[in-house]
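The letters A, B, C, D, E and F name the chains in turn, as written, and every chain counts its residues from 1.
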Amino acid sequence: MSTPLPPPRTAVVDAVSRALAEDLEPLGDVTSSLLPADLVATARFVVRVDGVVAGCACVTETYAQLDPTVSISWSVTDGDVVAAGTELAAITGPLPSLLTGERTALNLLGHLSGIATATAAHVAAARAGGNAQVWDTRKTTPGLRALEKAAVRAGGGRNHRGNLSDWILLKDNHIALYGIADAVARARAMWPAKTVHVECDTVAQVREALDAGADALLLDNMSPEKVRECVAMVATSARRPLLEASGGITLDTIADYSATGVDCISVGGLTNSSPVLDIGLDIESGVETGAGSD
Amino acid sequence: MSTPLPPPRTAVVDAVSRALAEDLEPLGDVTSSLLPADLVATARFVVRVDGVVAGCACVTETYAQLDPTVSISWSVTDGDVVAAGTELAAITGPLPSLLTGERTALNLLGHLSGIATATAAHVAAARAGGNAQVWDTRKTTPGLRALEKAAVRAGGGRNHRGNLSDWILLKDNHIALYGIADAVARARAMWPAKTVHVECDTVAQVREALDAGADALLLDNMSPEKVRECVAMVATSARRPLLEASGGITLDTIADYSATGVDCISVGGLTNSSPVLDIGLDIESGVETGAGSD
Amino acid sequence: MSTPLPPPRTAVVDAVSRALAEDLEPLGDVTSSLLPADLVATARFVVRVDGVVAGCACVTETYAQLDPTVSISWSVTDGDVVAAGTELAAITGPLPSLLTGERTALNLLGHLSGIATATAAHVAAARAGGNAQVWDTRKTTPGLRALEKAAVRAGGGRNHRGNLSDWILLKDNHIALYGIADAVARARAMWPAKTVHVECDTVAQVREALDAGADALLLDNMSPEKVRECVAMVATSARRPLLEASGGITLDTIADYSATGVDCISVGGLTNSSPVLDIGLDIESGVETGAGSD
Amino acid sequence: MSTPLPPPRTAVVDAVSRALAEDLEPLGDVTSSLLPADLVATARFVVRVDGVVAGCACVTETYAQLDPTVSISWSVTDGDVVAAGTELAAITGPLPSLLTGERTALNLLGHLSGIATATAAHVAAARAGGNAQVWDTRKTTPGLRALEKAAVRAGGGRNHRGNLSDWILLKDNHIALYGIADAVARARAMWPAKTVHVECDTVAQVREALDAGADALLLDNMSPEKVRECVAMVATSARRPLLEASGGITLDTIADYSATGVDCISVGGLTNSSPVLDIGLDIESGVETGAGSD
Amino acid sequence: MSTPLPPPRTAVVDAVSRALAEDLEPLGDVTSSLLPADLVATARFVVRVDGVVAGCACVTETYAQLDPTVSISWSVTDGDVVAAGTELAAITGPLPSLLTGERTALNLLGHLSGIATATAAHVAAARAGGNAQVWDTRKTTPGLRALEKAAVRAGGGRNHRGNLSDWILLKDNHIALYGIADAVARARAMWPAKTVHVECDTVAQVREALDAGADALLLDNMSPEKVRECVAMVATSARRPLLEASGGITLDTIADYSATGVDCISVGGLTNSSPVLDIGLDIESGVETGAGSD
Amino acid sequence: MSTPLPPPRTAVVDAVSRALAEDLEPLGDVTSSLLPADLVATARFVVRVDGVVAGCACVTETYAQLDPTVSISWSVTDGDVVAAGTELAAITGPLPSLLTGERTALNLLGHLSGIATATAAHVAAARAGGNAQVWDTRKTTPGLRALEKAAVRAGGGRNHRGNLSDWILLKDNHIALYGIADAVARARAMWPAKTVHVECDTVAQVREALDAGADALLLDNMSPEKVRECVAMVATSARRPLLEASGGITLDTIADYSATGVDCISVGGLTNSSPVLDIGLDIESGVETGAGSD
């Protein structure tokens, strides 16, 4: 199988330059100024707990922007499953540079690996119940969507709409105004090749959307039983639309939804509520930094 | 008491414009294009669970940038404690504009309110044990530090260093190289008015840092008992430095640390691991969106 | 029918601020400096030839950024068909400001109206032959895609992919590597709700893509006869995919393609080769500027 | 003779980074994600029709920003006249990178080469009639002026004002207010070393501008005969100002204007109405892309 | 006479937003956070010494970006000569906002007024000797050229080249390579309407440049006597080119150069070495800030 | 002793790219276009007067952004004391590139070295009187603060607050509202680890601030005698706060203030009124540019 699509390089470059400016200006790293500028050291990014890695390109870019004399050697790549204690990468260069970039690198790597790790956990749980894929949503951290959606892919998840420009998602307001059949027809007329996705709160709406020829149905806030009912109904249609279950589904309940035969399950919490993955930077000589420091 | 310092307006304006571009380009909101452009509606931001609000300025700015004809009326302000079901604000304007800005507004409001809410929970827990303040760290989401640190303030917390330019924090590498006394002296010589903060892993280091005249001591990864020992030692000094406990302290253990008499307790998780606060946008006519949609 | 989706406001604001800086810095409009700063005048945007208008928001934004005391009153809106001599808008304010913004406003308005006008011509020609819609492509002017795709919509066209992130378009390289059936399956697995579009050079490939369940087929460089053959083949399938004809189709040949029954016809020239629509700014007192000046 | 001035590197870097972000965000190239990341290929930029090349630096910059492992080898340079079928450059690197950058590279190269080609055609036509140079105008595509003016130079044309800051161009409003003599005097007083250019609609105005000592005269919307009359009048003056013919001059009429003895002829259409030059990217193995695809 | 051209608004907006971000991020004005957010006050910008004002638009923009509820009322405008103690403007709004914007506003206003004041002093000194105008150079502060060149205009000076794109200035390297006659001819051929300015170190070079038909001559590092000799030589030519004296001319020597009859005298120090004009912000209640505070 | 902290690389990159765009767009260096593009030359940055160097990284970055084929070899580094005539660096590359970057490089290098030189002069003068350090202020040139504060460090000075986010500085308004004791207490409560600095106009206020436990006292506009009195008073306190003298102190009076025993003396003029250090670029063949050219 092909590897997950990495984030666009433009997004990596922009996020890192904003993060460095944010952490350094106006004076720079006043503490690192106390160290000899030419003291070369090696440090290792080590994961403290089990997880899935994402965001490697951000770490590389951080040091490239900060100090091109720092070299970096990766032992893993985005999407790798790692056990607590695994060394992810080693960096060598002037100690002040290593320390100045540490927090920017760790913030990006930890945040994105946290998302990949949470995604992988949901994927595993879903697989325990059935074959449903795990989807993200547009509930991302403003300014980091491209990186977060790539982290979801690294964790084995799939991406829902990239943004509002991506595809049609008809919700209650559109349906209230036009009814499902007319709303789908209008969408097709205006945006002929866009996916038309319809949010359905009831089985009756699923019926309507099916008849209207929607490409995908979002089954919103339904119980697993209701979802199963929809799956059955759809199975008999000429061209089975994609079925997405959504709405308050968690790691605890995802297997039940997966077992319904639904195609995918979207979880907003992957991108807006995943805790960071604990990763530290151990400076050679065994000194280590990490959870306890600012 | 004065109200917490709001985020710099420059940070609000930039974060919102990046978030809107990210959600809209290149085509715009293809789904809202199906609605009549002149259909005016009112919608209400309603919090689904108890929490503390932060990020109001981001919501106002979202609609100002998107469509200046949208008006907004706030019932709360950053730092307000709100119960599930509380209306935070009402917006009135063209329905397509209300919907197009919904996710950007909610992503910012939910993320920042999530941080404020988690902060408030830690503040309450700390207060149950003693008088320690709750601090954030530099473990923030890249690109959003100014907004996240303001959310911590809204939640009743206090800010640790704004960034690497803010003050001196001597850690193991600096100490290994120079010893604490010399490292503090070098910091004072180079940056005479900057706070000098020393990370101490042992009681012996606390003694040294005290003698060196550090302004603040970071007690790293110590048990409450060890912290208590440090508090006692410091109490007898001519000018008691600020004592910060740090390292893996959680909502469960923060009261115990607060009870030691330490001045402040820093928690990286406030900014890098807080789940979003569940807030939805209810369109008039009772239709509501929220947890279940992309 | 609903009005075409306007361009994202973020794109309008950015394009205008870049255009103004490009035309003004470093010294400003050295010629307008000779005029009395307080001489108020009125000027009218007048179209010199028949056409379709697009880009009104860019003109409004130009004067808003340049001098908020300039007022503007529109007689038309994006998508309006206008005859030579029609007044599009009147602006009133300090004469130096009116002149300083003239070229930026006209460059945007003329370029986008040129695209809308060319689109409308293709739409009319296609309609003369059949019911095919007219599509743009990603062959847009770098930095202006969002505005140009909105201009296509204003002209009655439809948008192909917004960008590479939008949907899947399998071309010869992917097909050579995997074959159509496998390529479609891989696309579905990786991007379950994305439109899967397959470029077909032969009728045999159309057959394959149909069997593979593609959502849309791009019939590349086929004669109208071949396209008609494909339309017939597809008509018998359970769910007729969208059929796009593409490749060197012009205003002269588009009716023939439309007559085949194909769903849409994409024309790269709409966005990368349309001449500007001739629009001038007539200063009151009958003085006029336009085609002859820098 | 020296080679034409290339565009400022800052303009190349900015245009490319905006174009890449526009084509890639938020998800990246979803189609290229299906290809093996390590499949190396070679592709050739080949021009499909005769023309003049411009924009090579943009192609190089596109791949430098996208993937530094892609190497590029140029067979031509800006300003080269090329026959249909000529290979312009060969690129070698990971196939997904080659394809992801294809449209950005082609859009810039095709647009700028289109301008250079149209310019060269006008230059040749003008030369057939006389010695007049061909000028561009400020009628450029917003955001791309620096690149487009460089493309005009590559095509053998000359640049009119770079922007409003560049030199003085007195038009009807200034003349109506002050008269030509006074307007020129005011311009000289305020901007002593700036070129003072006067737009003249009549032979009488040419006389006045000549007496006022203008550096250049824009003969606006005059017939070749009238222009010839102005040339004769000016020939007898102590210091012959530069004479520019302008206003609706096209490829068909430019020779007649050139034959008048005028110094230069400005053509807005070079930059705002030139069709793209058809250039494709042929992937090795003979597979080719180009006119027919999105 | 018309008023001096103000700086491009795009330059004002950009400079202010960079300055505010630089002074405020990441935490904001931590000191102003101690004040009641709703305490309204009035403050006055008062000049402490005699001078000339420039940069008013930057002050207005500072408060517009920071807090739109602050109102500002100006008593002066760019170019006004003011005596020590003059009130320039009064601002009313929340005291924290007034104080937060104080330094940004004063830094811009003081810097630009310093340039205007120094320019005015040079203009007055030059006028004491003759009629030479005072010119700036490209020796400006990086990032502020547009504002600084506008400040020179406010002080009664004139602008030399806006930048390298503006006009031709042939210096020793070009002359060494081609000789003056050929260099001027090449410049005319390539850039027909651009001012051609030739740097002359000797009277012989002045002769050559005169014969070559240069538009302007830069008399570099010549004594007033030598300049006078050049003025005399040029006076007899058919069309007297503009004569600029340049090179180490100061307030002490400018009258002597002006007395030579030269047209203009350029002084790099206007923009790169002028001290700030001392302006303070006096908060109502008589409290004042200014020279003594950070 | 460790070397002074260099400016953040993000600030160098941004300042240079803005400066280059400002000097080059839209057309580029029209004069250098006359030179053969492949004429390679060597040039030397030579200081014309005694001084201290700062801004080397900006010169390197200028040529890196403009033309990566230019190589640069430094003989000095930031902070070096240099005598008139010293070669600072040699650059080799295409002559047009050397000349195009000259002014940007010199403007940055001259401005920053001017600040370093003025700082070093103040440091020497202060040392003649006592042991006081020399401080900058926030009176910096908008957009260049990070570079200017680094130049002060290069000159042997120390940095006052980086910006408003850095530490607390209580001035008259805060004191008038709360009194010193309460104001300090509020600052400590809100910002526990921030330096609390109190501006004192009288000896009585010094007493109050001392009792309130302020970290630093700004002695504003006091005579040396008054400062001496404050030093004596503070000497007897348990923990001597830092004492800063400020307000109109110049090179002439700084020794007297230093002799009082005060810790540091802040001088706004270092960053807002220092003349540029005269540095030129000598092209090989002995040709030189510098003070006399635009």
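Definition applied: a residue touches a chain if its C-beta (ideal position, glycine included) is under 8 Å from a C-beta of that chain, and two chains touch if they have at least 3 such contacts.
Note that this is a predicted model, so its numbers are computed, not measured.
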item	value
Number of steps on the shortest touching-chain route linking chain B and chain F	1
Chains contacting each of chain C and chain E, listed by label	A, B, D, F
Pair joined by more contacting C-beta pairs (C-F or A-F)	A-F
Interface composition of copies chain A and chain D: same or different, split at half	different
Centre distance in Å when chain D and chain F are each reduced to the mean of their C-alpha atoms	43
Distance between chain centroids, defined by C-alpha means - chain A, chain B (Å)	22
Where chain B touches two or more other chains at once, by residue number	2, 5, 8, 22, 24-30, 32-36, 145-146, 159-163, 165-167, 186, 190-191, 194
Chain F contact footprint on chain E (complex, rising order)	15-16, 18-19, 22-35, 39, 95, 99-100, 103-104, 106-108, 110-111, 114, 137-146, 160-161, 163-174, 176-178, 183, 186-187, 190-191, 194, 199, 218, 220-221, 246-248, 266, 268-269, 272-276, 283, 285, 287-289, 291-294
Complex contact set, residues of chain A against chain F	17, 20-21, 24-30, 32-37, 65-67
Contact footprint of chain D on chain E as seen in their complex	1-2, 5, 8, 133, 158-162, 165-167, 186, 189-195, 197, 213, 215-216, 238-239, 242, 244, 263-264
Chain B-facing residues of chain D, complex	22, 25-26
Contact footprint of chain C on chain E as seen in their complex	2-11, 13-14, 145-146, 149-150, 159, 162-163
